[in-house]
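Below are structures written as structure tokens.
Same chain, two partners: chain A is paired with chain B first, then with chain C.
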Partner chain A sequence: MSTISYFFSRLLQIIPTFLIVMVIIFLLVRALPGDPAIAMADAKATTEQLEQIRQRLGLDQPLWMQFGIFVKNVFTGNLGDSILMKAPVTQVILERLPASGFLTLYAVLFSLLIAGPLAFVAALNRNTWLDTSIRTAFQVGLSTPVFYIGLLLLTFLAAQLRWFPVGGYGTTFLEHMYHLLLPALTVALYTSAIIMRNLRSSVIEVVDAEYVQFARAKGLPERIILGRHVLRNALISTVTLLGLSIGNLMSGTLVTETVFAVPGVGRLMLDAIFARDYPLIQGLTLTFAVLVSIIFLLTDLIQAWLDPRLRVA
Partner chain B sequence: MTQSNSALLSVKNLSTSFHVGGQKLRAVDEVSFDLAAGEVLGIVGESGSGKSITLRSIMGLARRYGEVTGEVMWQGENLVTKPEAQMRKIRGKDIAMIFQEPMSSLNPLLTVGVQIKENLVAHTELDKKARHLRAIELLDLVGIPDALRRLNDYPHQFSGGMRQRVMIAIALASSPKLLLADEPTTALDVTIQNQILKLILDLSHELGMSVILVTHDLGVAAQTCDRLAVMYGGKLVEKGSTRDVLRNPLHRYTMGLLQSVPENVEPRTPLFSLPGTPPSLMNLPKGCAFAPRCAHAVDACVETKPPLEGTQHQVACFNPTQPPVGAGGQS
Partner chain C sequence: MKKLLMATVAAAAMFSAVPSMAIERGGSLTFARYDDSTLIDPIYADRNPDIWMVTNLYDTLLRTEADGKTVTSGLAESYDVAEDGQSVTLTLRDGIKFSDGTPIEGKDVVFSLTRASDADLSPWAGLLSSIDEVTADGNQVTIKLNRPDPTIVLMLATFNTAIVSADAFEAANGETDQEKAQSIAIDGFVGSGPFMMKSHQRGTLMQFGANPHYWREGEDGEPLPYMDGINFLVIPDDATRILKLQAGEVDGAEFIPFARVGELEADQNINMELFPSTRIIYSPINTRETRADGSANPLADMKLRQALNYATDKNALVQLVLQGAGKPVSSGLMASTTQLATDNGPIYQYDLDKAKALIAEAGVPDGTELTLTILAGSADDAIILSALQQMWSQIGIDLNVEQVDGPTRGAKNRSGEFDIHTYGWVNDVNDPAQVAGWLGYYPTAKAVGTGWNNEEFNSLYEASNVEMDPAKRAEQYARMQDIYNEAAPLLFMYETPFAVALSSDVQGYVQTPLGNNEFASTWIDR
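Let's turn to the complex of A and B:
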């Protein structure tokens, strides 16, 4: 019961967040230097032609009117037309979103698969050579720029050995898995380093806790002590971190998508910024904001599921 | 000697050391005692005297962190050298333990029901339904009202005293023969303390279960224990029936402990406290650990550790308040 009311109260909290995000996005985009009308038109355009474009985009209206139109359009799913792609923003984004979503989830999965077991091994053998080697290896991953790792993988595994494609996304699920393996790995190397460090210290903290000692005093098998008592408690802070780092991960994919030529929203964002494509920038920022809100909601729900003390509406 | 054969548990020369920053720290030093079936033994001492580590060494929990030597004889077997996999079958089944902090000793993420039942899964053949019934029965037994509903509650939904009851219920799940209670009432209000102690005693009588109760509170020990062992600096310094030890303390340290319990005194009488502080385990004196704080120390006390002497009422002291009965020729 309390879990359900917690869910709804948490869901309601998203609405003000979303409104504030809309105001910020709207104002920020207007504050950017440069005139989109000039960007759209070619160099020989006359003042009248520019005026026409401004009218078409609603740029001649007062600011509050523009915001009203913006909000109305957002809720009707009409985010305007992309100047760059000459197509509706919603459509452009929806076309690109799956590749990025796939890449992000793929990277998260990799991060967890890499970081989880190694964090446990390091924590349970803390201050031994094993722990030190694992931590050193991740430290290298953490301090190397994402694009550099990406370029290394690309050069050796894709370009020279030709084990992997150098770009693209493919059409079937398996092709996606294959095409995005290197990009996902690139992103995961960084993310997993963060998760590994956090999970390792959580495990160390939890493993000597009184309730773990008590579980051991009950004569439980080690598998249950580690899985049920240690892992679950250690995961609480790691879930928060994972949720927060997915926000980071999206900016990570921005670089990675560019390096690996993945047709995702990250690269789209980069193109939109260079082209001063206001509607597209707005649409993308809004999309990111919604996605991040959803991820944070999920994070909170997972935490409430893990920790009964948080299930207070 | 007479008890050794009939003893349920016989601890001989139990020592536990930890390596801390290159130094060897001896938390439990050559501790020996016997425990008869159904008996309640109190181990009394200040914080850091090694009481808790003694219990954890008996349970085989201390050896993960340090080096345990000596003998813990249980049903003809030495638990100190018993492999972990076999130890696991004894822990929580024949020998159960409850901890000091009911707040932090229950897993906050699991319902009380799960935490009781996982003991039953590990040590009994009961099926799911039987485990459920047994869990309700256990909560009833330790005096938790509305047991059926409370099985699905989490630890944070219980008060401190109730959590200690839950912990006792978990410990009792597989009907242990010996309960090790590590300061079970220290974290609780005085009124709740008495309830919990009474509960432990009642259960011990009803179930014929032996108890080793570790406490720093002489009042608690006086109320509950058949025999007392006083611990100081990792060693047992005095051992005997509760009556003998409290009425007729032989060791100067026991004497000091008793004097620091205010009893029938006028209001605003200054409290007695033992001069000095307990020794650091990192830096124990060569002789008797209590010698630096003892007003009656003789030369021998500084040089050598006094052995535990006597038969029924034993003391480890070169200059006791009176000679122990049956000690080296003076009886």
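Let's turn to the complex of A and C:
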């Protein structure tokens, strides 16, 4: 099978995923106790006013009708109006998505820069003091809560030394780079630990593989062995992991976004849940589903490129 | 004219609190907020981050002083309530203008008040249910009422009756009134307050600029505001907001956790302000005979509720939760800063013997289990829980816990599926009718979900809502508070101030007891 038809068959698989996500999220948000009217007017509205709000939001209609409207809207590219933000859901999400995307890519870049070289160093110096100290350092990074690392960085590097701004996002590309450096680093300390461990064990596995020993026996220079044979094969499982992490990070940098006041979608999702903002929660979940599907698709494509055996599957 | 003079005297009195420094004009302030505004419009403001900003952008016909109680002139230079209480006449000031330079006229007032009292549009319309019709003739505005309403004057000094431009709404893009309001906020702001919206990047930055056509004068005889503008940054995390202030990146930070107040008070570069508020923390008690699951509810017995109140050391709670920056409530029904609040010192002062006697009278067996529903993730609630567990174990109450999020707690309050749960309140209006209606009047929301239904209280409340004689109304309120305190449908707890930390060069900033952020008279001393 060619890469192109592989691509299309993978693309088709996304559609049922998407439908299932829509049904589940629609039912799940409504299964939560409390509703948008309660969340909006919790300690203010009379019983009568709550009913008025529900009517205005169409929450008094039967579930199947609400679902019908939701599906119809999605297929016409309209995700409705956010109850909390009092603005169209698509607009609200598009405003917040860039910050999360920027932070995620920035963090992934950092993770690779940190984890890649160190994983090789650790693997090639297996069980020496070098390997042990690298692994211990990452273990500490992995087991320290993200908000704590974030606050430490903010307190020392930003508030005291004034090298960086205390949170925020900025307005230009360079400002984003500057403002998001500490949050990206915070996220990367965690992510790189996972990638490093995985990459290190893959490298160890590959280095011992027969084809590498064969390459070495052929007398190929170590540079080519490491670059062409070891790296490419060791990366296969790491790419999967990386894809999963990006998917997680896009929606899951909530703590980092809060501590560093980054206006991203993680924070938005939390606000939406606390406001029981059904349209916004649905819109965000769909957005995450699309993003994660795209990332997994790309992951699969990269893997297929790295490992031709996968294209047949 | 008398009113105008009153306003001037009062304004002078307010500023005399500020050391006699020459006011400096210009510059802009950067202020860190805990949450962003969504839509700052008099009628669509339904969350505190919106409500508390409205009067910076839209002026009201009348205003309240910094104490939040005294009514003074606003866009209207005078007002007159008819003898029979059936109408209010107001005279608009000469030469007042919207931020786009167009005059503020009778038709704008008619439009604004009609819009504000339309129940299909405004969630606050219930507060204006006495309004029958609003008409204007030149600069005279007449509000015809369908019944005498002792709260109407205060309502005209409240954010939801602030004046918007009828022409701007007519010209704005959008089908519905809300879409038009949104479009005015984003595409072309027109307002009547001291500031105007310059830009708003949701979740990050909101910028206000000075309204060049604002009427009210500052201490130097020039129109307010003193500053050229304000930048609001959204910093949801408490610790980050404080760091941002300490690093000098912002000039002010709101909602300082009380645990950090002492540390910031010691900082010479920071002016730690604790503004008196109408915020009360209390816990509704389910007073129904049976619980939602059908089991018998021991809390239906008033004596047990009183015993719990006596067994709760409120001073200890104030120390534990607020580090002393607050006080136990002196009226069960409202904060002491509210009009007509009874204040004879704290109610239900800690008295273990009384609590034990009451619990014996009620015949509540030792080891009776009650459940306290608290907000998951709230540090304050966690402290309250462990304190109450210890305090109440003294009278043989075994306190369990249930942790939920805000909307779940709200839903439980409405359905009565709770024993006791933590809650809070801030007045939006300084007339006590709003808070008394919410906490005690059964038809509003079952007396804050407690199910407490007292006929005498209800009829007093109804009578007080049409009582035009201030003395009689005060008597009714005194009686209502007595009934309420005795019946104890709540665990009465404490009042808290608003904690705002400002850079020491910021002068004249006020957060009113209602929570409104007042920046018009704020200036920066360089």
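Everything that follows uses one rule, which is that the second predicted complex is superposed on the first by the 292 of 313 C-alpha atoms of A that agree within 3 Å, B and C clash if a C-alpha of one lies under 4 Å from a C-alpha of the other, contacts with A are read in each partner's own complex, and residues count from 1 in each chain.
Everything that follows uses one rule, which is that a residue touches a chain if its C-beta (ideal position, glycine included) is under 8 Å from a C-beta of that chain, and two chains touch if they have at least 3 such contacts.
In this text, all values refer to a predicted model and were calculated from it rather than measured experimentally.
Enquirer: Just checking: does A:R228 make contact with chain B only, chain C only, both, or neither of them? Give me first, second, both or neither.
Expert: A:R228 sits against chain B, while chain C stays out of touch.
Enquirer: Contacts for A:T46 in the overlay, against chain B (first) and chain C (second): which applies, first, second, both or neither?
Expert: So A:T46 only meets chain C here.
Enquirer: According to the stated criteria, A:K86 is in contact with first (chain B), second (chain C), both, or neither; which is it?
Expert: After superposing on A, A:K86 lies in contact with chain C but is clear of chain B.
Enquirer: Going by the contact rule set out at the top, does A:D307 touch chain B (first), chain C (second), both, or neither?
Expert: In the superposition, A:D307 touches chain B alone.
Enquirer: For A:G101, select first, second, both or neither according to whether it touches chain B, chain C, the two together, or no partner.
Expert: neither
Enquirer: More residues of chain A are touched by which chain, chain B or chain C?
Expert: The partner making contact with more of chain A's residues is C.
Enquirer: Give me the intersection of chain A's contacts with chain B and its contacts with chain C, in residue numbers.
Expert: none
Enquirer: Going by the contact rule at the top, pick out the chain C residues touching chain A in the complex.
Expert: 38-39, 44, 46-47, 119, 123, 126, 178, 182, 201-204, 233-237, 239-240, 243-244, 246-247, 249, 404-414, 423-425, 428, 438, 443-446, 448
Enquirer: For the complex, give me every residue of chain A touching chain B.
Expert: Within the complex, chain A contacts chain B at residues 209-211, 213-221, 224, 228-229, 232-233, 306-309.
Enquirer: List the residues on chain B that touch chain A in their complex, please.
Expert: Residues 56, 59, 61, 87-93, 96-97, 99, 101, 104-111, 118-119, 122-123, 154, 156, 167, 170.
Enquirer: Over in the complex, which chain A residues touch chain C? Could you list them?
Expert: 32-35, 38-47, 49-50, 52-53, 84-87, 92, 95-96, 151, 154-155, 158-159, 162, 165-169, 258-261, 263, 267-268, 273-276
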